[in-house]
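So that you can tell them apart, the chains are marked A, B, C, D, E and F in the order they are listed, and the count of residues begins at 1 in each.
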Amino acid sequence: MATVRLLDDAEISTLPEVKAVFDDIRATRGSDFVNNIWRGLANDPALLKRTWEQVKTVMVGEGALDPLTREMIYLAVSTANSCSYCAHSHTAAARAKGMTPAQHAEVLAIIGLAAQTNALVTAMQIPVDEAFLVDGK
Amino acid sequence: MATVRLLDDAEISTLPEVKAVFDDIRATRGSDFVNNIWRGLANDPALLKRTWEQVKTVMVGEGALDPLTREMIYLAVSTANSCSYCAHSHTAAARAKGMTPAQHAEVLAIIGLAAQTNALVTAMQIPVDEAFLVDGK
Amino acid sequence: MATVRLLDDAEISTLPEVKAVFDDIRATRGSDFVNNIWRGLANDPALLKRTWEQVKTVMVGEGALDPLTREMIYLAVSTANSCSYCAHSHTAAARAKGMTPAQHAEVLAIIGLAAQTNALVTAMQIPVDEAFLVDGK
Amino acid sequence: MATVRLLDDAEISTLPEVKAVFDDIRATRGSDFVNNIWRGLANDPALLKRTWEQVKTVMVGEGALDPLTREMIYLAVSTANSCSYCAHSHTAAARAKGMTPAQHAEVLAIIGLAAQTNALVTAMQIPVDEAFLVDGK
Amino acid sequence: MATVRLLDDAEISTLPEVKAVFDDIRATRGSDFVNNIWRGLANDPALLKRTWEQVKTVMVGEGALDPLTREMIYLAVSTANSCSYCAHSHTAAARAKGMTPAQHAEVLAIIGLAAQTNALVTAMQIPVDEAFLVDGK
Amino acid sequence: MATVRLLDDAEISTLPEVKAVFDDIRATRGSDFVNNIWRGLANDPALLKRTWEQVKTVMVGEGALDPLTREMIYLAVSTANSCSYCAHSHTAAARAKGMTPAQHAEVLAIIGLAAQTNALVTAMQIPVDEAFLVDGK
């Protein structure tokens, strides 16, 4: 159902640039499973590599936020962007990183509440309070 | 610039239902400052009350996620929903709850990266991997 | 295909808080059928209850707008928010409340036209006419 | 602040195709005031004419829905599409067509509630109930 | 799975207004295949006709942009608007107009990059540079 | 009005990582002017660098699409994503790369038309035609 071909492992084994990225995904995640977004991106090895390197930089390893918090933020953004595949993949990823049912419930509640207040603010065109402004210089 | 009137404190003092909500906002936040969204919602006391009660339930007090994490998720959703006022107000709220510049930088990086991969997935119409499916029963 | 489990009636019968909401949905609608959104929300009884109470308050009973008008507005918003399930459920709900094919055709025409002029305005970044401004005080 | 020039009446008087549309807008609305979207669209007389003819067909005159209902649906869609100018212009238009404060409050409540349930449905990826399906043939 | 019936050719042959549009679609495209959007729009002959006439005017024949460029822009917008059907149909249409795999890869890369910088700009609420302003008069 | 500080040239001259990116922006564009998005991103030198390198890779130099076509696609996506700053900056950029008024008018017409058909498709939940499917293997 995709608009591009999804490359399988047999084909990827013949494409050194793609294979190098897939090897790194597997090594980084400690799993042989590589999900479909990467198989679609594999049609453009340069875009595949740029995208994976960003994901690895932003989402993996040490950071000011722990990996689960980062994943829940990613899930929340993906939902607000109406991305069906991404809602599935990042819910699964957050669970794999330890998201409890209670935490998931809170993420859902925040996503829903924010959508509501965002819409109300847009409908009312509320002007920004001076107290919220950052000194631009 | 709003599409509704923003009620000031003098007017609110004459509206008992509205005043009760404003009093609770001030008491809950420990601050006399009440920002503009509530002054717009004050045109409909019932909607004001329902909205504040949700915010108080979801965002204030004990939870499975700490208040700052909840606020950063709210900020991320607000950005993805293109709400200018909300980006301002929830950035300010997250800072008030202790968000460091390094944490803010990570939130921004996740928002940007998620938007990119969300868009790529939508363009490619990637089918959901079976591994991500939840048993519906 | 959901990211959460959908609770069936057997399981709901063992959860008093959830069952109370489902009973009220059935009584309010005068129908035994309860659609899937409520079965997903049932994973979080508090969110289920808050959501249903809002729906009941806003969409059911007396109001300044008749129930069909409210439902058509809900359908229009759901479409603009790109919610596939919601387009299905609120088209069905509007039909159940008496939406005629001619009324449906007009709703579709407005949704399409608004999307077009919204996009043109955003592309041209049209400034707000002074005549549209509300006195904020 | 626009990305295109906004044509004033002096310039429009020198452009017969544009002037004909502006004359029709004024005659149809019974008002000399023509708001900024039309002054931006005037840069492309063909797009101006196509857009106005759609607005006139869909929003003016007899229909299965009364003009105010149509305008409130337009406002709701414009809000969901995050169009600031459109939120202003269609709130003003709905008021000019008789929208009462109580009706406005209900429109806002529906916009907010729909945004919330839309987001929750997207987060949970709720599958469409069979009962909602239309026989495609 | 649609919310409206999709009219087949047998039914369309009994509806002269609809048949005239379908005949023109087939003649203009030089193909007997008419895709599902038109079969859904056929429920409202006037909306069908207005929509097809716009598509024919904007997308077919001579223009300042060649047909493939127009189609790639249409595809990019459809993706950003999270329209699944449209991502499929306009990817197919762009391929039919000669889009090469390398061009498709660039369209995808731009869609993804724009989504990222758009989101970052919205999160940071970057003010418009004076250098970008157009003289409104 | 931003939610982050915008760094000026004096401050940037003290930050070697940031200065290196700004020097490359200036050299690549052949202009001393650096617009505000980069001054906001400068708060996070790593994000600044990743973002600029993507822009340089995707938008500058040789490609399967000429630079103006790429810029018009970027503008179209930015509009669909409701990014006000981006509509301004990419309209200006497209003009700087030679976009004529006639080309701009066509871009606007496509953005508007696509938004309309996208919304109609979403409202009708049109199923994907088999003819549009790509063989996934």
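Definition applied: a contact is a pair of C-beta atoms (placed from the backbone, for glycine too) under 8 Å apart; a residue touches a chain by one contact, two chains touch by 3 or more.
Quick caveat: nothing in here was measured; it's all calculated off a predicted structure.
Common neighbours of chain B and chain F under the contact rule above are A, C, D, E. Listed here as common contacts of chain C and chain F: A, B, D, E.
We define each chain's centre as the mean of its Cα atoms; on that basis chain D and chain F are separated by 27 Å. Distance between chain C and chain D, defined via averaged C-alpha coordinates, is recorded as 20 Å.
Under the contact definition stated at the top, the residues of chain F that touch 2 or more other chains are 1-4, 6, 47, 51, 54, 77, 79-84, 87-88, 91-92, 105, 107-109, 111-120, 122-125, 127-128, 133, 136. Shown here, the protein chains touch in all possible pairs. Listed in rising order, the residues of chain E touching chain F in the complex are 1-4, 6, 33, 35-37, 40-41, 47, 51, 54-55, 58-59, 63-65, 69-70, 72-74, 76-81, 83-86, 88-89, 91-92, 100, 102-103, 105-107, 109-111, 113-129, 131-133. Residue ranges on chain C touching chain E, taken from their complex, read 82, 84, 87-88, 91-92, 101, 104-105, 108-109, 112, 119, 127. Every residue of chain D that touches chain F in the complex is listed here, in rising order: 3-4, 43-44, 47, 51, 77, 81-84, 136. Within the complex formed with chain C, the chain B residues making contact are 1-6, 8, 46, 50, 54, 57, 128, 133-137. On the side of chain A, the complex with chain D involves touching residues 75, 79-80, 82, 84, 87-88, 91, 107-108, 111-120, 122-125.
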